[in-house]
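Below are the structure tokens for one structure; questions will follow.
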Amino acid sequence: MAQHAPKFRFLLIQAFHLSGNTRYQLRPMQGAKESMLMNYADFSHLLTDVAWEVHPGATDPHGNWPVETREEFCIVGASRLPIVKEACASGKYNAIVLLGGGDPGFPEAREIGRRYGIPVTACFSAQLHIAAMLGNKFSVIDLSEAHNMHLCDLVVQYRFKEKCASVRNIHFPLPRPPDFKERPIEDEKQKAQRGEKSEMLETAVAESVAAIEEDGAEVLVLGCSGAFWLQPFLQKRLAELGWEVPVLEGYRSAIEQAKTLVNLGVDASGLMLPGDKPKKWRRKKLV
Amino acid sequence: MAQHAPKFRFLLIQAFHLSGNTRYQLRPMQGAKESMLMNYADFSHLLTDVAWEVHPGATDPHGNWPVETREEFCIVGASRLPIVKEACASGKYNAIVLLGGGDPGFPEAREIGRRYGIPVTACFSAQLHIAAMLGNKFSVIDLSEAHNMHLCDLVVQYRFKEKCASVRNIHFPLPRPPDFKERPIEDEKQKAQRGEKSEMLETAVAESVAAIEEDGAEVLVLGCSGAFWLQPFLQKRLAELGWEVPVLEGYRSAIEQAKTLVNLGVDASGLMLPGDKPKKWRRKKLV
Amino acid sequence: MAQHAPKFRFLLIQAFHLSGNTRYQLRPMQGAKESMLMNYADFSHLLTDVAWEVHPGATDPHGNWPVETREEFCIVGASRLPIVKEACASGKYNAIVLLGGGDPGFPEAREIGRRYGIPVTACFSAQLHIAAMLGNKFSVIDLSEAHNMHLCDLVVQYRFKEKCASVRNIHFPLPRPPDFKERPIEDEKQKAQRGEKSEMLETAVAESVAAIEEDGAEVLVLGCSGAFWLQPFLQKRLAELGWEVPVLEGYRSAIEQAKTLVNLGVDASGLMLPGDKPKKWRRKKLV
Amino acid sequence: MAQHAPKFRFLLIQAFHLSGNTRYQLRPMQGAKESMLMNYADFSHLLTDVAWEVHPGATDPHGNWPVETREEFCIVGASRLPIVKEACASGKYNAIVLLGGGDPGFPEAREIGRRYGIPVTACFSAQLHIAAMLGNKFSVIDLSEAHNMHLCDLVVQYRFKEKCASVRNIHFPLPRPPDFKERPIEDEKQKAQRGEKSEMLETAVAESVAAIEEDGAEVLVLGCSGAFWLQPFLQKRLAELGWEVPVLEGYRSAIEQAKTLVNLGVDASGLMLPGDKPKKWRRKKLV
Amino acid sequence: MAQHAPKFRFLLIQAFHLSGNTRYQLRPMQGAKESMLMNYADFSHLLTDVAWEVHPGATDPHGNWPVETREEFCIVGASRLPIVKEACASGKYNAIVLLGGGDPGFPEAREIGRRYGIPVTACFSAQLHIAAMLGNKFSVIDLSEAHNMHLCDLVVQYRFKEKCASVRNIHFPLPRPPDFKERPIEDEKQKAQRGEKSEMLETAVAESVAAIEEDGAEVLVLGCSGAFWLQPFLQKRLAELGWEVPVLEGYRSAIEQAKTLVNLGVDASGLMLPGDKPKKWRRKKLV
Amino acid sequence: MAQHAPKFRFLLIQAFHLSGNTRYQLRPMQGAKESMLMNYADFSHLLTDVAWEVHPGATDPHGNWPVETREEFCIVGASRLPIVKEACASGKYNAIVLLGGGDPGFPEAREIGRRYGIPVTACFSAQLHIAAMLGNKFSVIDLSEAHNMHLCDLVVQYRFKEKCASVRNIHFPLPRPPDFKERPIEDEKQKAQRGEKSEMLETAVAESVAAIEEDGAEVLVLGCSGAFWLQPFLQKRLAELGWEVPVLEGYRSAIEQAKTLVNLGVDASGLMLPGDKPKKWRRKKLV
């Protein structure tokens, strides 16, 4: 790789930016680019050969709290598209990585990227592709009821239904009005880091084992980005129990998938995501 | 039915409203409510027992032309949600009917409707449910490459993949910049009404026959709302050829489905579309 | 709707009529038409805009007890066909509704109806179509082992396998020789109506919760018509537990589906149910 | 095998018996048992180790012509059940073979057989099981539109959908009122036997090649028993064209399957076909 | 059957032959042909009309212990092919039966057999075909983790995924280095034969009941040939519990399937297993 | 990346090595490592950050010609396993890339790799994973009838059946005895490189267009490694025709997949590929 023209030039786009000092904050919304990436230390080694920037996402497109309902996912997804379009048009990037667990705006962002020949990856989609490389069936460990059902829909849309053993709910919903909770997820992470007992981690272990023993999971995938911090802890705990099961996570998967697509010089099939005035059209599509 | 309290109180919501005298107009954007519904005469008899209103949709959410790309569908979908929410909150309606062929914002609108116990139906979804009542496999007759692929995705999301024989493209794309065309679809309809040869109808007949003979279609569904006018003509032509195949259309299907749901007192499963703070949650989901 | 020409003219056909004072009777076999419909009060409001009659079904085609085995379903199904044919030929009805939980003779009755352009609906089939409108997966709450397996086969024949989470057995078999039981189902209903504990209802609640939590059901469907009385009770109990799950029932579903088909002017695809001398035939069918 | 107690004691039951000198006769309805079996010479070697009898079926249960509609299949199926029951109860047979192409009454006959521990086989079902042993996908060569659709339904009911490449129609409908035809199928067979050109055989060859080249068939199955005579001719013709494809036929397949089941001492799972008062029952069924 | 030219001339080929006095021996590796077949008394009656021989398999192709890993299955499979080829070329046999539970070399052996028009059957494959004749879903009772996963892959390769309810592990791994165990399976069999409690049988009963009650199994299949001895014991125990479920076993199934194929004069489709220079080729294959 | 400890240390293993001056040679069997890789110039840029070596494969394990039948694939697969094992044990590599189009020995090699925590990739498998990232359905362009059917089986084994639109045969079989051909594939490549008309390329273009228009392919994959040279030519030709379809190739896909797996620190799930003495085992597997 040449020193002056890095092979990989990525824009990492957050799902949204919460304004002010909202009590529903999950991650730093400003500061050094590294500080804006949750769990940066877990995957910083994957960015050493990448020239990367972070876009914070649109500000409060849906409200001043994390996204959980379909309504919110739709609004946030739409708010992301101008950012993607501008990034593609800038000529600065050779791939776009959409951060966040539930991939808001992903298919539409891919369509935009296609017009520029720029691949777009997203955390849940990327995890499913990697999971398929490692085992026949995966389960998703995720945070809450509404978010679970959104992920179920994504599994179907992404055509991974056959490979999905289950979506498991550890029931740590993201904080949202009207009944505020004191950022439990960040607390859980810190407990785990201090070697204390984290209820979130314990539940994740229990549901992972149930996914393995009852549902047939051979690989584990983390759903909401609020759960990504679990990866090293969950991997370790399951290994200690004797389960030889890979635990994936979204940021790493999406970054690595972007590298693969850049190296292979591909983005997406123009037959799957045709432009509005394609050169060729087909009489028939088989779903 | 009582005269003063009609059983059915429906709001019909257009996908979008194009402002000004745009050259890309497909239907009247103002005037009497009847005139705002394309092909009103085809289904007016289904509204005689309904107290109904039409909402024109958001104005130019995506641009000043019809929707065709995924990017546009996403933006238009998001723009519809506040309208749905306001309609549900108003207490004036017992069902919402989303007009338009590609169902922008439908799953999210259903989620909103659920919170109020109000069913929401949409044209493509409703046609697929009716089609499943009439035959084992359906094909979709649709207008353009990008729209086709959007419908393919809806078929998968709606879990009708097994029943979809094909999506057939008659290649009459909606008018859009930069290369304006002189409203060909309206012309085609008028030709057909005058008993002249319409290339659009001829192509629809040819693709319908191919869907029957080659793809295994037993029912036909019309994709884009710009193709809904074809229904009586296509049904007649196929019958004349000897094919005993039902041809469906979106407005009728969505209106009738709304009546069914109102009569049965149901809207959608709260397990499929959970609220953000559901009373009960499940450990496991099977996709 | 005109007063003198009701829009809906339905014949409701029972599965069979048991003669004499058989100890295996489940419902009144004569009297006013209302009294011949089980749980009439639950759905009488759906018949206010319908001119309807009830046909009691053939007398003892298989024996003098309720139907449960496949052998009995086949014989009862065949015995229904002349009734359907005569009703269609009479010109008095614009739809036929087949009562009973296991749909004996349904596909064949549809074929007959097709020749006359008259839609035919049936209780289990109709529930599955409505269930598909409300959620991604349904479970069936049903009475006995043999009846369960008959319904499993119907799910496959009706091409709803992908959407069926499970068939759950509450093990209240219908009374039949040689070992007579004192009409337990009617007793259970009366207990529930008096607010007393009904073991049948309790088991239905337990199996419904298991279907939701373990099998992934998002909608519940009642199998045997002997279980239809459970609908309001089961719906209420599950709501009290916090489960936002629709509970369907056969009579309402079949009546409403018939209205939809009449309003849309459709019955069934002639390609799925061709006549013996169809105008057109196809070289190839894809299953 | 002992000489005095033949290992195999089979009753072969025709689908129906047509009375009088009906013009719609397809096969001899009386005479020596060998003469009542169509194409006896093709499979007589498979009966040398079997003590067998033929039952002619019920007389005109549906009318005085061959069966083609679903209505007719249902009526004929029901008419067969008392014959099966009597045969099982007689203690004379250790297997029942249901003759005819569309398997009327087969699942119900298996249920009856189960009560006696006697296996029941049928021509279409047996062909599909043998076909699955020989290739990944089969196509069916069959006679007419309505019969085709009946077979499509059987493929689904028998759970062979994944393996069915297509059902191909050679359009030689069975003779039936009101427009009588002079037994064309028998004529076609005689032409083929005389080495003359048979249009029926030619069409079967053409559709078989289409099934191979276009639909992906690796094995061919004959649908209606009126097409069974084609087997040796079609096999030879395809071999001459260079296609190494097995062509099956119903009588041979059903007889051999019966032998297998007798030798293995099995009939059918009591969990699939439970009796009306089974010793054990299951809370849950997965379809 | 003529005395001098037996209808069936079979070569039964073991998966491998272990040399010397290995401590990992599961069955006699020399002696009379009857003594080389495990559990011969269970199926000797099926060989009375067969002229048969046993080939011991290659000697220690993978090592001096039973096969369990994929690596070992692959090596043993390859080692079997020259034996199959020689047997086919000898002209002495009209069918080849591959012994052993995990079918090493089966697809390749069928390809070789095809060149000679000689059918080849194998124990696991044959059981699945028979199971499909008896019920809608089967479960496999098998010995160990690695062997289970090999069988899961075979289920997929053999295209029986839809019919497989589960593979259940009774965790009696075959003996292998480095940690030798004193032939526990043979001990278990002897205990069962003496009427003593066998832990292996007890676990098989427990897992069979779980397969029936939880997984939906309607038929049971035995995986590893080391488990075939369980058949009569397991069948009896399940019957005593009231479960009317057939329990199959590999040797009987493979022998009977071979007879069927010989009688029908078929081996395998040349389209599924084309030779290297086929007379005809197809432009397109559908998987 | 550090200069002295390259991140990627790969061994590329050929499927086999043909000895002597065989007339059936497809590629150089000795010389510089670059010269042993077919079409090296097409993907040399992907190896610049890899420390790599090539192993020529076993010598003539099956014969002295390229592999095409299943028998040959099995033998070659087995012959590769000691090479993989030795490479893993050497500690020199952090990934193994199996060259060749039909992936002989791949699942077994992965099992071996797992024991060492070393990922193994293969050309066909890797292409399918990349194809799934780019479109909903892919077709395979491949050389010959027997090779096609082998790839069909791999599609099923790899669980990509749902995504495979078709396997298309361009009928350029590899040279093999007894009827030698003068290395036609190399000639075709040279013609294409000289800008002359290559029948092989023309056929590949025609079959690719058929795959797109008729089968629903959105991505194209090359089957046999003898077809990999087509990639740049086929991609260009299809683009010139207006088809925006990615054309993949095996070497690049397998190399890039190996990098992804190394970077993510994963190889394969130990639940899918358990060792012979796993720490934990599961009672139940769902296929």
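We call the chains A, B, C, D, E and F, going by the order they appear; numbering starts again at 1 in every chain.
Assume contacts are C-beta pairs under 8 Å (C-beta built on N, C-alpha and C of every residue); 3 or more make two chains touch, one makes a residue touch a chain.
Keep in mind that this is a model prediction, so the values were computed, not measured.
Shared contact partners of chain B and chain E are absent; no chain touches both.
Looking at chain A and chain B, no chain is in contact with each of them. Each chain's centre was taken as the mean of its CA atoms, and the one lying most distant from chain C is F.
The two sequence copies chain B and chain C touch through a face in which the numbers common to both exceed half of the numbers used overall. Of the pairs listed in A-F, A-B or B-C, the one whose interface repeats that of C-D, with over half of its contact pairs matching by residue number, is A-B.
Centre-to-centre spacing of chain C and chain F amounts to 55 Å, using the average Cα coordinate of each chain. Taking each chain's centre as the average of its CA atoms, chain D and chain E sit 30 Å apart. Centroids of chain A and chain E (each the mean of its C-alpha atoms) stand 45 Å apart.
Residue numbers of chain D whose C-beta contacts span two or more other chains: 136, 152, 159, 215, 272, 274, 278, 282-286. If touching chains are joined by edges, the resulting network of the protein chains shown is one closed cycle, each chain touching exactly two neighbours.
With the ring opened at chain B and read toward chain C, the chains come in the order B, C, D, E, F, A.
Chain D meets chain E in the complex at residues 1, 46, 48-49, 129-130, 132-137, 159, 162-163, 165, 212-219, 241-246, 248, 252-253, 256-257, 259-261, 263-264, 266-272, 274, 278-280, 282-286. The part of chain C that touches chain D in the complex is made up of residues 68-71, 73-75, 77-79, 81, 105, 107-108, 111-112, 144-146, 148-149, 152-153, 155-157, 159, 161, 164, 166-169, 171, 173, 176, 179, 207, 210, 215, 272-278, 281-287.
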